[in-house]
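Each of the next two complexes has subunit A plus one other chain: subunit B in the first, subunit C in the second.
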Partner chain A sequence: MTLLEAPAAPERPRAKNEGQLERATERRNRRTYLALLLPGLLGLLVSFVFPLAYMVRMSFNQGSPDGVIVETFTLDTYIQPLTDPYYWKVTLDTFQMGVTVGVLCVLVSYPVALFLARSTSKYRGLLIAIAIAPLLTSAVVRTYGWMVILGTNGLVNSSLTGLGLIDTPLKLTNNMAGVTIGLVEIFMPYAILAMISGFGRLSPQLEEAAGSLGASKFKVFTRVTLPLCLPGLLTAFLLVFVLSISTFITPRLLGGGSVQVLATEIYDQTTGLLNWPFAAALSVILLVLFGLIIAVYQRLTRKIGG
Partner chain B sequence: MRATIKRKMAAVAALSAAMLAMSGCGGSSDAAKAGSATSGEVNLIAYSGVWQDQYNAAVIEPFKAKYPDIKINYASKRSSAEMLSALQGQKNSPTTDVAIMDNSVSTTGNKQGLFEKVTPDAIPNLANVPEKFRDKDGYGPVAMLDAVGLVYDTATFPKAPDSWNVLWDPAYAGKINVNAPPSLLGLSLTAITSKMQGEDYTKGIDGAVARLKELAPSVQTFAPNPDEYQNVITGQTVLGLGQNARGQFYSDQSNKKMGVTFPKEGTVYQINTVNLVKDAPHSAAATTFINYALSAEAQTAFAKALFYAPSVTNAHLPADVKARVVPTDGSLNIVPLDVDFLSSARDKWTDTWKRQIITK
Partner chain C sequence: MTESKLSIVDLTKRYAAGLEPAVDRLNMEVEEGHLVALLGPSGCGKTTTLRMVAGLMDPTAGSIVVDGKEITHTPVNKRGMGMVFQSYALFPHMNVEQNVAFGLEMRQVPKAQQKARVAAALDMVQLGHLGKRQTKELSGGQQQRIALARALVVEPTLLLLDEPLSNLDAKLRETMRTEIRSIQQRTRATTLFVTHDQDEALDMADRIAVMNGGLIEQFGSPTEVYERPRTHFVANFIGQANFLDARVGAETGRANLAGESYYRVEVEGLGQFGAVGSAGLAGTTHELVIRPHRLGVSLAPGPGPAPLAGTIERVSYTGDALAVAVRVGEKLLQAQMPTISGDLPRVGDAAYLSWAPEDAYLLPAPGAVAERLAA
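Let's turn to the complex of A and B:
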């Protein structure tokens, strides 16, 4: 007797058994998924959720000039920065720095990413590895590298002075210009990676089709290539923007104490002035800024996607 | 088969979770808490960089030779404030035993109940620390002294500048580094400038702010990197603020390319205290270490290594070293910067620098 010839009558209990079996398997699967997720969730809880909750709670405490933290519940730590033009300026400068670095980084990384995404060379993998190789060196080392290159007696100034193009060295460090140059280079590998992975819809066939229908190369780029690249460009911008506004090392080292952004302010308040509640409040404000940007990003990507 | 694999995966997951939890909960064992005065370990928190190197060589290594059963674990921090942050973080369950830090910060630690009081009974060498270098409430005494100096490029200044006013000389515009507050160097410059302007900085610093605003455009960096000494040695700047002790050390290291001097208008002491952490896990061995740190042997060795002035009366320095450490006999013009005042002024002055003095 084959299975096809099996009588219909026993099917009902078997179906019931199968249903129970399926549900049991599902339950087991769920338990396994949960068990597999558990280490990650625990890690996230210990390393992110708890410290974040602690930081938020800390932001409602009262700091004092001599570093004593008074356990209380006050909004003073928020009222102070939100009503003080200085902190508005610091926040605006931080935002401006993030936008400038994000835009410049996307502009200089786009041609590289586009080339890598379209490359059919057998060395494509190697080329991508070279493009992201700077990530193997720490941002601190690369920032020090830029200090050497951009400094008063650095490579750029000595070359320009040697060529007789300038008499006095250009001020390329200890200001926002130096910080921007350093950050753009440091975040380029991230932008390239984000773009390559975001160029999924980019297809040479579509460009060829547009070309064969008479579109100029410029038109193909503006009407086909660029719109298809937009999700990748937006993701790269968001990534660089978020990394820029939260970065501390480069603004600190290349800014030379003249560049005040939220991250340097938080550092000074934490380690220099020991005002942890105020530093925590500034961190929460930075976090809210992140949240707003991500909300805008999601809207934009939905619009582009739709 | 599938069930077996799933069980194995679940077991691996549970094991990973357990290991993660264990790694997060690691710490010193309670058994070591009682401690012994001649064995075990001491967790020390102190400055990093050259300070750490020299303290290791001049004090910690000889200590280990004397007490081979005590291990010193040195946790380095860039500043006293960072040390205090670390100690605040472990207030409920301290892992540090001894902290060597600036007295303006240790005073805050004393107020916050982070440190233990010390007595000559437990630390016999405390008897050699004069009254003026002991804490009035019995907390950690002064371990060493230094003062803020003017760091200069010896090629530009074959003769050491004798006045702080050289910082305002337009000839050196763009070639000056000033460590802005909350750095103690910047706070000290504020007090010195205030005194130069004839005002009492405890009442107001308007005169100093106006004068420092004139200086700001000439300043190349308000946060010198890698530090205030290397900037001068490498020729990035020709003048700056610095500590005398490190300045003397780097002067030797750079073959006198850089010098450090105390200008006539006066300077501010930088004083380090040695502190026993409250509820220190190895307090007995820590007490032995503090006693050694206050010995004439350790104090002389560190003065020779990094030019810090000793705080004990029985440390006798060779004449060439004595000439290079900060005088503590009243012969140097000192601008007194009271630690209690400083702890309240630190954030105000830092704010003033950021809002009014530092220009883009």
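Let's turn to the complex of A and C:
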């Protein structure tokens, strides 16, 4: 999965009479490329392709409650999640959480990213570093932080009751609302980074040109700035979506057991029930979800010419 | 379409307090239908001036008046001007037609009328057949023309061009020069044109404002700034020039209807010559300007009035002309001669220089920047 496409190599003009020499050079070049790619490819093979293949194979095995895995080829592991309404709900909740977190995260990150992308200040580098500095603390620590802030006696509730705005504390933890708030904040740095690199076509001159042609500030934004930002916004959404449907820590901790998504379900199946084939099947379903959203993303980016 | 006339009054831009102003109390009047070039080296304030007229930058002081209406603080989108940017600034997410229609759309022109006007504008720049193309598929020259069509289709009060030709190669630049000029004359759009290329300015403009250090050194027609430069800077920036310090002697007669006089001048180390300059210079010291191609060069002492004898020190052949540097005493003078198919003069050959009094011009002023520094 490549989020940021590499720029296409410029095509070299080719003269017919240099064909022979050209072909020899090309062969040599191709060998060099292969040699350079080899370590990376090997690494991917060992750490990604083999485990993935192993997992897919595992999903067709027969699990049992006592943890014994029977090597076989069965579709039972898929039939259960696809027929049981509980797993339908978990899958839909997962998808919905991914979309909600993705949209909210893009919305709150966009102003920051737009500001950073357009900044000509000499402190721009420092500001970007500050924006992504939360990555220096782990998601676990930040999730605990959110539990403290959002809890029944946390900062938010005590301020609101103290101000007399509410009588009973809001329920902001141990539910999807808390998980969503936590995930949005945790993934903001990724969204901001993805956007800044995706705003390449934005230029102050285009906005000035639109202004000189009679566009108000609002029109400049809706007709020029926003359309040019779309590729970056889409990339950021995709990234946050993928990260949030595959994350386990935050839904588990902030959800307090009452939020079940595919990732927490896989964890329970793997470590609690020791039903690895079933966990593997759920993982494959999660992968299909990835694939679906990436297909949509690619169609969209092609459409808007990103 | 072009009722407009632009006056710039004491326009000043200071980027930060304490810094030298980028534009310093600039004054200019632009006649309706004229193409005015703002010409100068980079950093002279020409682009800053243009951006203030466009409304893309707030002036520190002074005012801008278009059609008798003060617009100094009118926002850019209410000025109704058309601007062509150095990078063309075509919207990459719109095709050619959508780009050109943008200004009309912002003015809420009815769709049918938009279509007709876009088609007419594209025909004007001879790209009517490319309407559905994406802008990135176009060559630099085509993008340039689309940008021009986009700026002109709204029938702007002023057309503003910011170095529109600097991203094109030399051959195309010349074609576009003629084309922009002819479109400008057909539409009679009053135009401000920023350039650092003196040939462009001389070729295209009705008036040239030669800028230096945030000031206009001279504002005049191409012939005026070339033939009658007001300052050393102008003479040096526009075309090539030989400069000689001259003691101005007696007036020898009226030169022309403009009230200029002929003088006897003395140049140290070279002798006495005839020159032309504004009235009343007798008894002062002024700089003498002689254009290289107005210096007569002969390889044998001719019959003319007491030519200067010298030695050729450098020869530079450009095909259609031969530039020679001739050493006369301590002075090195640049001259030009037509190329001939026979033997060309070589370094070390003797050369004889002469000029007509009307080709040796006495500069009237030391220069605006020098004046400011002295003040």
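The rule we apply is simple: the second predicted complex is superposed on the first by the 272 of 306 C-alpha atoms of A that agree within 3 Å, B and C clash if a C-alpha of one lies under 4 Å from a C-alpha of the other, contacts with A are read in each partner's own complex, and residues count from 1 in each chain.
Here, a contact is a pair of C-beta atoms (placed from the backbone, for glycine too) under 8 Å apart; a residue touches a chain by one contact, two chains touch by 3 or more.
Quick caveat: nothing in here was measured; it's all calculated off a predicted structure.
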{"item": "Which of subunit B and subunit C A:Thr270 touches, first, second, both or neither", "value": "first"}
{"item": "Residues of subunit A touched, compared between subunit B and subunit C (which is higher)", "value": "B"}
{"item": "First (subunit B), second (subunit C), both or neither touched by A:Ile130", "value": "neither"}
{"item": "Partner chain in contact with A:Val224 - subunit B first, subunit C second, else both or neither", "value": "second"}
{"item": "First, second, both or neither for A:Leu253, with subunit B first and subunit C second", "value": "first"}
{"item": "Which of subunit B and subunit C A:Ile166 touches, first, second, both or neither", "value": "neither"}
{"item": "Which superposed partner A:Ala209 touches (first subunit B, second subunit C, both, neither)", "value": "second"}
{"item": "Subunit B versus subunit C as contact partner of A:Leu82, first or second or both or neither", "value": "neither"}
{"item": "Interfacial residue positions of subunit A with respect to subunit B in the complex", "value": "28-29, 31-32, 35-36, 38-39, 42-43, 46, 65-69, 86, 144, 147, 151-153, 171, 173-176, 252-253, 255-260, 268, 270-276"}
{"item": "Contact footprint of subunit C on subunit A as seen in their complex", "value": "201, 203, 205-206, 208-217, 219-220, 223-224, 227-228, 304-305"}
{"item": "Subunit A contact footprint on subunit C (complex, rising order)", "value": "54-56, 75-83, 85, 87, 89, 91-93, 102-103, 106-107, 134, 150-151, 154, 160"}
{"item": "Parts of subunit B lying in touch with subunit A, wherever the complex brings them together", "value": "3, 6, 9-10, 13-14, 16-17, 20-21, 24, 79, 81-82, 84-85, 88, 105, 107-108, 111-112, 174, 179-183, 220-226, 234-236, 343-348, 350, 354-355, 358-360"}
